[in-house]
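Look at the two complexes coming up: subunit A is in both, with subunit B in one and subunit C in the other.
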Partner chain A sequence: MGGRGGGCLNEFMNNPLKIAVASGKGGTGKTTIAVSLALTAAAAGRTVQYLDCDVEEPNGHIFFKPQIHSRFPAMVALPEVIKAQCNGCGDCADICAYNAIAVVRGQVLIFPELCRGCGACSLLCPKDAIVEISRPVGNVEIGVGAGVAFVRGVLSIGQIMTPAVIAAVKGAGGDQEITLLDCPPGTSCAVIEAVRDADAVLLVTEPTPFGLHDLTLAVEMTRALKKPFCVVLNRFDLGDDKTVAYCREENIPIILSIPDDRRIAEAYARGEALTEVLPSYAPVFTDAWERLLAWCERQIPRKKVPVPLDQGKAATS
Partner chain B sequence: MKEIAVISGKGGTGKTSLTAAFATLGGKKVLADCDVDAADLHLVLHPEIIREEIFIGGSKAAIREEDCTGCGLCAEHCRFRAIGYSVTTNGEQAEKPIINPIFCEGCRLCARLCPVEAIAFEPAESGRLCVSGTPCGPMVHARLGVAQGNSGKLVTLVRQEARTIAEGEACELIIIDGPPGVGCPVIASITGVNLALIVTEPTLSGRHDLMRAAELTAHFRIPTLVCINKWDIHPGMTERIEKEARDHDVLPAGRIRYDRLVTDAQVQRTNVLACGDSAVGEDMKAVWRSVESALSNQ
Partner chain C sequence: MKIAVTATGKESASTMDARFGRTRWFMITDPEGGEWEAHANEQNMNAAQGAGIQAAQRLVNLGVEAVITGHVGPKAFRILKAAGIGIFLCEAGTVEEALHLFKQGRLARADQADVEGHWA
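For the complex of A and B:
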């Protein structure tokens, strides 16, 4: 890490740093940015993991080409009735807030696609006649690619429990110094699950009316979650200047601007990491990474993570 | 009356720009923006809101601090990690838990478990539904509240409202601008439609996401077309995607070239076809003709 504030950054980095890369609008370049920053941080000597939390449409593997060394299913709890104990009272159907249980003539019917796994039915059944079993809703894959630890989740087709798969991806993560979470687009429950444990959020946008409108929604979401955030402006020479004006008015730092470069689009199309095939962008990302770290240091309150005393001394010496 | 859903798998492939162009073509129709957590169609169709309704997606729990004894039973059992203790700047944990409404899924378990009935459970506004008029016909759109769940339910409401209007005004077609992904709001957007049009781009990501979206439409037995936007960014990939799509019974509906006019039109808050004659506009019209013919062959 370059001179400016290097010692402080080292001390700061004793705490693992989790950065979520999100956007309101889809297709603004989340994956390009998350992959490039992960590679840049790894090149700067950090241990890095990339968590693909866009489990409905994960694409990070296309760029990391990881060796997957383990796979496991992402599970959610699903109630099951022990018939011998059930007296058909119907309390479970009343308790379920999602209409996932119906009791018809003493028979309990469970609709797995409506169940959100809250556990209320099994906990509150007066006869203890409901147990929870696990059912798979997707898969988690763990591996390594391009010197970066890689985890991705894949929601099974037809399933709706996107947040559960995202939670499983986060749970499979390691204790690397840097975590980059590649989030789904939008502002609803899936994004919130991806962002909720991050220390800071990068919002990737483009300066078009759609990009700006969805950025304002993403900003509202990030503020509601009380996360520090900054903006990456992709294809900055496209569209109009309203996004830059908005960021200025709202005091939102733009940490990185990337031009609308056909070569970037082509590298993306072929599944090649930007900083590897277009070396002229490597210093752009190195600068952005240092700016981002310095910004994180200012924005994120020191976490109460115990640091071994000797390590702490080493960092400040 | 028929329904067509424009979806994509991958976000940002041009669903809304294409839907806005479709809006100006063909006969009487109702437009339904089902991308309720990042709705953009209204930015180019200039709807005049006729009616606005509050959407109650569910209820949320809240602890009445004065009644709470701080036993912690609620926090222990909340599966959604919605109940926690605030921590002061000097690291001390508060005695009584609080519920963060953003994470509350409204299961009511906490309120049922609370031994002193200190948890209130009230319906919460989680969005707005709007019925509007546009120069292209009636439009139903919505806005999910910030950090709210239950987008699938709101999508279903948007579609119900669109159907009611279509029946009332004898419209023959509903065009749905769908969300990205393959999850809950997408499923709510496509169930029961007559045709799905997947808009993708000639990239490995676009191809990967198209195949997942096509798997989803096959799962629900929905006839599906694919249209490749910005096809000339990578002609070889376009060929490959179209061939793979055919192998999965997804027929190509046409190709749309890359043209900055599409972005310029958006900046001018209009659709490509309103910007005069253009090659990219003709591409979109050709896709529309494929859609119309697929619908009439059903």
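For the complex of A and C:
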């Protein structure tokens, strides 16, 4: 594969790179960064896919304006009891970690809204009296927009099985050289599902007390998952210098800093990609992309092998 | 007969706990006279979800036939009803006072959940 950039690039043909864009705090600019990096990588000649894993409120489509060519439901298995086989022993209720089953007078009561579809009840039923019936909890859409392969998940209203929809989004991804996963905010199960098989994580933050607080939570999560990570500092000229000081103390590289520029917010509000409508930012992202690739090359010398943070410096947890 | 009262402490003089699933204690006795047994509900109190379901299952397993509490939600109600456990709502007071009102027939028997579930 041709294209610009350093020597590590050819490696992606056989060794695709998955980068999760996450944050502790919401509204720090995950989508802005993920979309801009996807477009930048595509402009640099890479094959790129953007996976919108923020399935509770996906908005990446606003920027890519993709042509959706296929849709399918994201399913979760729900237990159902074959009454003729059930002896009312109650093992299913005992094993259910989500308190979704009760057994009363030999009758199994299932509370579907609490079930996470783990399958333990069905697996452990001594009478094989529980079967799993799939039910839809959301939808996955696949398309192409702005030269980038696009997948997004949409959790159905009233459903809580966010991780299942995220898993379906990831499963629908292709084998592009570069994958950008636009994650939900926070550090919950949904974020972990989105991040868990990424090669590296970008944590987007802003230098405010809230931003820093939630960054430290996201850092703890990412370290627990043993992922290499670096920080994008959005609106870096706001707030205070505590976030920069924190990153320095913790040896966390800041790969990109973006100023508080009203035009960026305006472009976002209009659904326009930053690098397209504000060309002065295109080289900022091109530089950041190349720095990111070089950093990934150092952090992930052999893909799929988790490596310690920042070239062997011990992570202080 | 066994009756359970949701309680904030493990004494019959303790104040009732208005919550069912996340009550601190279940105080259990025979209303015809007998000792009180205290059952801690700590595990359900801290459950992420399904506290009412687990608490109701526990009362079923303990062989309780009636429960006096402040409020009960739809999922716990479904289990208690299936088990034939009577639900009696009591506003406040101590465990002992609640039992006294029950014995005088002054507590209303709930025929449906009186509060919303906390999930979905």
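As a working rule, the second predicted complex is superposed on the first by the 291 of 317 C-alpha atoms of A that agree within 3 Å, B and C clash if a C-alpha of one lies under 4 Å from a C-alpha of the other, contacts with A are read in each partner's own complex, and residues count from 1 in each chain.
To be clear about the criterion, a residue touches a chain if its C-beta (ideal position, glycine included) is under 8 Å from a C-beta of that chain, and two chains touch if they have at least 3 such contacts.
Small disclaimer: the values here were computed from a predicted structure and weren't measured.
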Partner chain in contact with A:L217 - subunit B first, subunit C second, else both or neither: first
Could you tell me if A:I300 is touching subunit B, subunit C, both of them or neither one (first, second, both, neither)? neither
Which holds for A:G26: it touches subunit B only (first), subunit C only (second), both, or neither? first
Between subunit B and subunit C, point out the one touching more subunit A residues. B
Who does A:A102 touch here: subunit B (first), subunit C (second), both, or neither? second
Going by the contact rule set out at the top, does A:I192 touch subunit B (first), subunit C (second), both, or neither? first
Touched partner set for A:A282, first subunit B, second subunit C, both or neither: neither
Give one of first, second, both or neither to describe whether A:G117 is in contact with subunit B, with subunit C, with both, or with none. first
Is A:G158 touching the first partner subunit B, the second partner subunit C, both, or neither of them? both
Considering only the touch criterion stated at the top, classify A:A93 as touching first (subunit B), second (subunit C), both, or neither. second
I'd like to check the shared interface: which positions of subunit A are touched by both subunit B and subunit C across the two complexes? 98, 158, 160
Subunit C-facing residues of subunit A, complex: 93, 98-105, 107, 109, 111, 113-114, 158, 160
Across the complex, what residues on subunit B touch subunit A? 8-13, 16, 37-38, 40, 43-44, 58-59, 77, 79-81, 91, 102-103, 105-109, 112-113, 144, 146-152, 179-187, 201-205, 208-209, 212, 215-216, 219, 233-234, 237, 260, 263, 266-267, 269
Using the touch rule from the top, collect the residues of subunit A that touch subunit B in their complex. 24-28, 31, 56-57, 59, 62, 77, 95, 97-98, 116-120, 123-124, 155, 157-160, 162, 184-190, 192, 196, 208-210, 213-214, 217, 220-221, 224-225, 238-240, 262, 265-266, 268-271, 304
Using the touch definition up top, name the residues of subunit C that touch subunit A in the complex. 47-51, 53-54, 56-57, 60, 75, 78-79, 82-84, 119-120
